[in-house]
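Heads up, the next two complexes both have chain A, just with different partners, chain B and then chain C.
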Partner chain A sequence: MAEVVLKNIKKVYPNTEKSKKKKGNDEKKQKHKITEEGELAVKNINLEIADKEFIVLVGPSGCGKSTTLRMVAGLEEISGGELMIDGKKMNDVPPKDRDIAMVFQSYALYPHMTVRENMEFPLKLRKYSKEEIRKRVDQAAQILGIEEYLNRKPKALSGGQRQRVAIGRAIVREPKVLLMDEPLSNLDAKLRNQMRAEIIKLRQRINTTFLYVTHDQTEAMTLGDRIVIMKDGIIQQIGTPQEVFEHPANLFVAGFIGMPQMNFYHAELIKENGTYMAALEGVRISLSEEKQKNLAEHGISPCDITLGVRPEHITLSDDKEKSIHGIVDVSEMMGSAVHLHVNACGRDTIIIVQTMDLSDEKRKMTVSGSTIGFTFSGSVAHIFDKETGKNLEF
Partner chain B sequence: MEKTIKKFWPIFVVPTLAAFLVGFLWPFLQGLYLSFCKFITIDKADWNGLKNYIFALTETNFQHSFWFTALFTIVSTICINIAAFAIALALTRNFKGTNTFRSIFFMPNLIGGIVLGYIWNILLNCVLSLLGKPLLSLYAPYGFIGLVILMCWQQIGYMMIIYIAGLQSIPNDYLEAASIDGASNWKVLWKIKIPNVMPSITICLFLSLTNGFKLFDQNLALTGGDPNHQTEMLALNIYETFYGRSGAAWKGYGQAKAVLFCILVIAISLIQLRATRSKEVQQ
Partner chain C sequence: MTQANKIKDRVLTVVMTLLSLIWIYPIIMIFFNSLKKDTSISTGTAFELPNAESFTGLSNYVDSITAKGFPKAFWYSLVITVMSVILILVCCSMCAWFITRVHTWYSKALYFLFVFSMVVPFQMLMFTLSATANRLQLDTPYTICIIYLGFGAGLAVFMFCGFMKSVPIEIEEAAMIDGCGPVRTFFLVVMPILKPTLISVGILEVMWLWNDYLLPYLVLDRTKGYMTIPILIQYFRGSYGKVEMGPMMASIMLNIIPIIIVYLVCQKHIIKGVAAGAVKG
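Moving on to the complex of A and B:
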């Protein structure tokens, strides 16, 4: 149980002779931030994780989330900045002395040891008494429901069972910080959902600080107290799941969080009689009071914008003047909802329509090839700068 | 497709089967039969019962060769494998020039045994004469040590390559997990690396055991069995029995010794494979 603080943490992979000789194009160099110093994998990360908090690092492949986690674990050298665990600087402390435990994506269970031996291993290395080891292993096995597999070797276990053992090996030591590197990525969708719930339950039973890495935004949203969204080694936004969903800081966060992803349109921000409105395809959408206030506070002038609306916030509309029109390309029946892919405003718009809300007349509109009208409220519209992608309300 | 292949099975099976029967099974069975005979050529063989085997098992030189070979095999297997594993460990720590070192260590294996034997004969005899000690062929303990040095020099590089492959196949996650669990380098070696390179250990032990038992050309070139058959290993003893003496009886004795030798090597290899295979793990 401890507070973890990352101050200006940086990771640079030094240029090797080979990489110096490689002639990549400038765009590639820009994307990977290749400087004279080397390749910049993580850039000045600042993050304060409170005691017993569950923090999720989320982002696409290569965004630096695993590198950050590995720096906290001590598996990667920290190129710059300070890492503090429980108030102590940990930059040069070897992994075994950081009082952390880690669950790997590949489980990393020792194949020549039984489940019990795997779980006993860290305790034996720390010279715990036999009774204490037995007690802790039995307790962890009971929490994770793996008592009956204790004498099996990892190869005789399923993916989900192996994952439980890996978690068991991590929690027997009662570490200050529990690190998890995409622990559910190797599981099938059904098992992943089940294990996600198990981790939530586990979190309630063991009081420790969690740092969890995933590329799956659903995992991030359901598990984290706060989510850290990363891209190209830079933190894009830190916030609770609700905050990042409702108030994305930029286009990347808006597009990354939420499934299906947010719809974006080229639109115009206009101001009439002191009121901000978004104009899209001739339809004017009045923004909510909160948005009016935020935009006014930042002194935003009328300009071209990228307008973002989540698929679940769009409603079908018969009003020909106040709705945007498009043609249904694909209609996907998901059971409780229909996902419509509509060709509107020159791009693909996804609309989620709850089936229980559909009248027979509207149901006919959801068939591929039909023309539909839709609209959305100004309170759910997100206004982004067209050039920088930054949310203009921030 | 499968049906068509099944239809033409003789085309695929017969060439290999014929080669196996003609090139291996028939000569082996004939050799087995000849080990019970007195013969000069294989078509003029007279049945001699178990006399050849009784002679082979009671001959002092053959018994001495067996113990000498066994001792040599044990010592060389231990030396080769410990040194090869240690070098493999050193050369899998990403420092500069590892590939060059790997090539250098592997090179002695490319030179034939007879050539190596003569080179080391000259080298060791030079050193011994400078130190004022008896030469290899005049003092059996030096001959023994010379053979061990020669075998180590020749085989360490080969075994090293197998160990390097084994060490590199250990997933990095195991080592990282162990370092987080609190394992020191020594513990990582004993508790993680060695159990996970058991397949390589099995192969290397098998190769060095069988190579040790079957050693012939290095033995012939380095000491030639001198002094007075004291450094004569089993293969050289069989060769000397078969080709070194004239008379129908000696061929039979040599053949019986060869069969005993074959059984011995197979038995030791199987025991070793069984012992180490049981410790192998599937990742």
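Moving on to the complex of A and C:
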């Protein structure tokens, strides 16, 4: 159990002949900035993780989340900045002396050892007594429900069981920080949901600091106390799941968090009688009081904006004057809801309509090819700068 | 199974059986001749089975063991083989670990150097080598393993590298986090995973080392009585063209037996090891 602090952490992969060639040829295609020093994979990460907090690093492939985790683990050299675990600087401390444990995506179990031996291994290396080793392994096996597999080799286990063993091997040591690198990515959807719930339960039982990496925003939202959204080696936003969902800091976060992703439109921010409104396709949407206040505080003047609305916040409307119109391209029946892909404002708009809210009349509107009208409240609209993509309320 | 497949299977079985018989025939012939009297082994009679007149029991075996210092030669063969194989397995697996995990130009160069060493014929360097070995006092059964390490490294590094590439690096990283330094990671985690390849390489090296004639013949200081079984066998060819064929055949049989035992014990692992190193995954 410990606090983890990352201060201006940077990771640069030194230039090789290959990367120099790449730099010369297609620098624009590179995700990471190539400097004279080398390829910048992680840029000045600042993050304070409180004791016993569950932090999730989330982002698309190549955003630097795994590199950051590996730097905390000591598996990657830190190019710049300071890493503190429990108040001690850890930049040059070898992984074995950091008092951390890690669960890998590929399980990384020792294939020549049985499950029990796998779990005993880190304790044996730390010269725990036989009694203590047995007690801890049995306890971890009980927590994870793998008691009956203790004498099996990893090859005789299923993916889910292997991942439990990997978690077991990590928790027997009672590490200060438990690092998890996409631990559920190799599992099928059903097992992933099950294991996600197991991790939530595990977290309540073992009380340690968690640093969890995933590219799956559902995992991030359900597991993390706070989530850190990364892109191209830079932190885009840090906040609780609710915060990043309701108040995305920029277009990237808004598009990344939420499934299906947020709808974006080219719109205009106008101010009439001191009131901010978003104008879209001739329809004026009054923004909520909170948004009025935030925009006024930042002195935002009328301008072209990118307007974002989540699919679940859009409602169908019959009001021809106050609604935006579009043609239903595809209608996906998901059981409890219908996902409508509507061609409106020159782009694909996704609308989620709960089936139980659908009247017969509205149900007819959800058929492919029909014209529908929709609207949304000013309290759920997100206003982004057209040029920078930054949320104008921030 | 269709009729055509059945016929194909039978034909293949017959062909393979014939090939196996042709393959094993020389060994059977050596075995039968080892039970015959010297005088009954000549160009004309070598292919005959032992009969009442030519059968001599195990006397050739007794002669070959007692007459020319067979126990000593056996010991030296054993020492050279065991020491060299251990040295090759430990050093080459470590080297392959370095080559596969450290991605630098010199690790690549090192790998190609090892692979290249496999195509250099021994005859090209044997005379300079024997002179160098003498000068460096590598001419005893206890030091010749250094030379064998050099000759065996090419194939061993090549095979270890092939297998090592298929071992996920996360296992080693997990070991490092669990508390291992590089040495423990190698001996407690990497080496046990390499077991199938270690056995395959070990068997190949054992077969080569146990039967090798030319290198020990050139390098070992025979004035001190150092000789391996293949060298000893040659000593059954006496002066004036006299050859003690019976004891020679018995010695050859005695030389073959340990190899056959080792092979039979480990053959399951050889096939597994060769397959495991062949593809990544």
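Structural remarks
Just so we're on the same page, the second predicted complex is superposed on the first by the 383 of 394 C-alpha atoms of A that agree within 3 Å, B and C clash if a C-alpha of one lies under 4 Å from a C-alpha of the other, contacts with A are read in each partner's own complex, and residues count from 1 in each chain.
The rule we apply is simple: a residue touches a chain if its C-beta (ideal position, glycine included) is under 8 Å from a C-beta of that chain, and two chains touch if they have at least 3 such contacts.
Everything numeric here is computed off the predicted structure, so don't read it as measured data.
Once both complexes are superposed on chain A, the partners chain B and chain C clash. Of the two partner chains, chain B is the only one touched by A:155; chain C is not. Contact with both chain B and chain C is seen for A:126 once the two complexes are overlaid on the shared chain. Judged by the touch definition given at the top, the superposed model places A:224 against neither chain B nor chain C. Within the superposed three-chain model, A:248 lies out of touch with both chain B and chain C [touch as defined at top].
Shared-chain residue A:59: touches no atom of chain B or chain C.
Once chain A of one complex is fitted onto chain A of the other, the partner contacts of A:308 are absent, as it touches neither chain B nor chain C. Of the two partner chains placed around the shared chain by superposition, chain B and chain C are both touched by A:108. On chain A, the surface touched by chain B in one complex and the surface touched by chain C in the other have residues 73-75, 94-96, 100-102, 104, 106, 108, 110-112, 121-122, 125-126, 169 in common. Every residue of chain A that touches chain B in the complex is listed here, in rising order: 73-75, 94-96, 100-102, 104, 106, 108, 110-112, 121-122, 125-126, 153, 155, 169. Residues of chain A that touch chain C in their complex: 73-75, 94-96, 100-102, 104-106, 108-112, 121-122, 125-126, 169, 173.
Interface of chain C with chain A (complex): residues 168, 170-171, 173-181, 184, 189, 192-193, 195. Residues of chain B that touch chain A in their complex: 171, 173-174, 176-183, 187, 191-192, 195-196, 198, 281-283.
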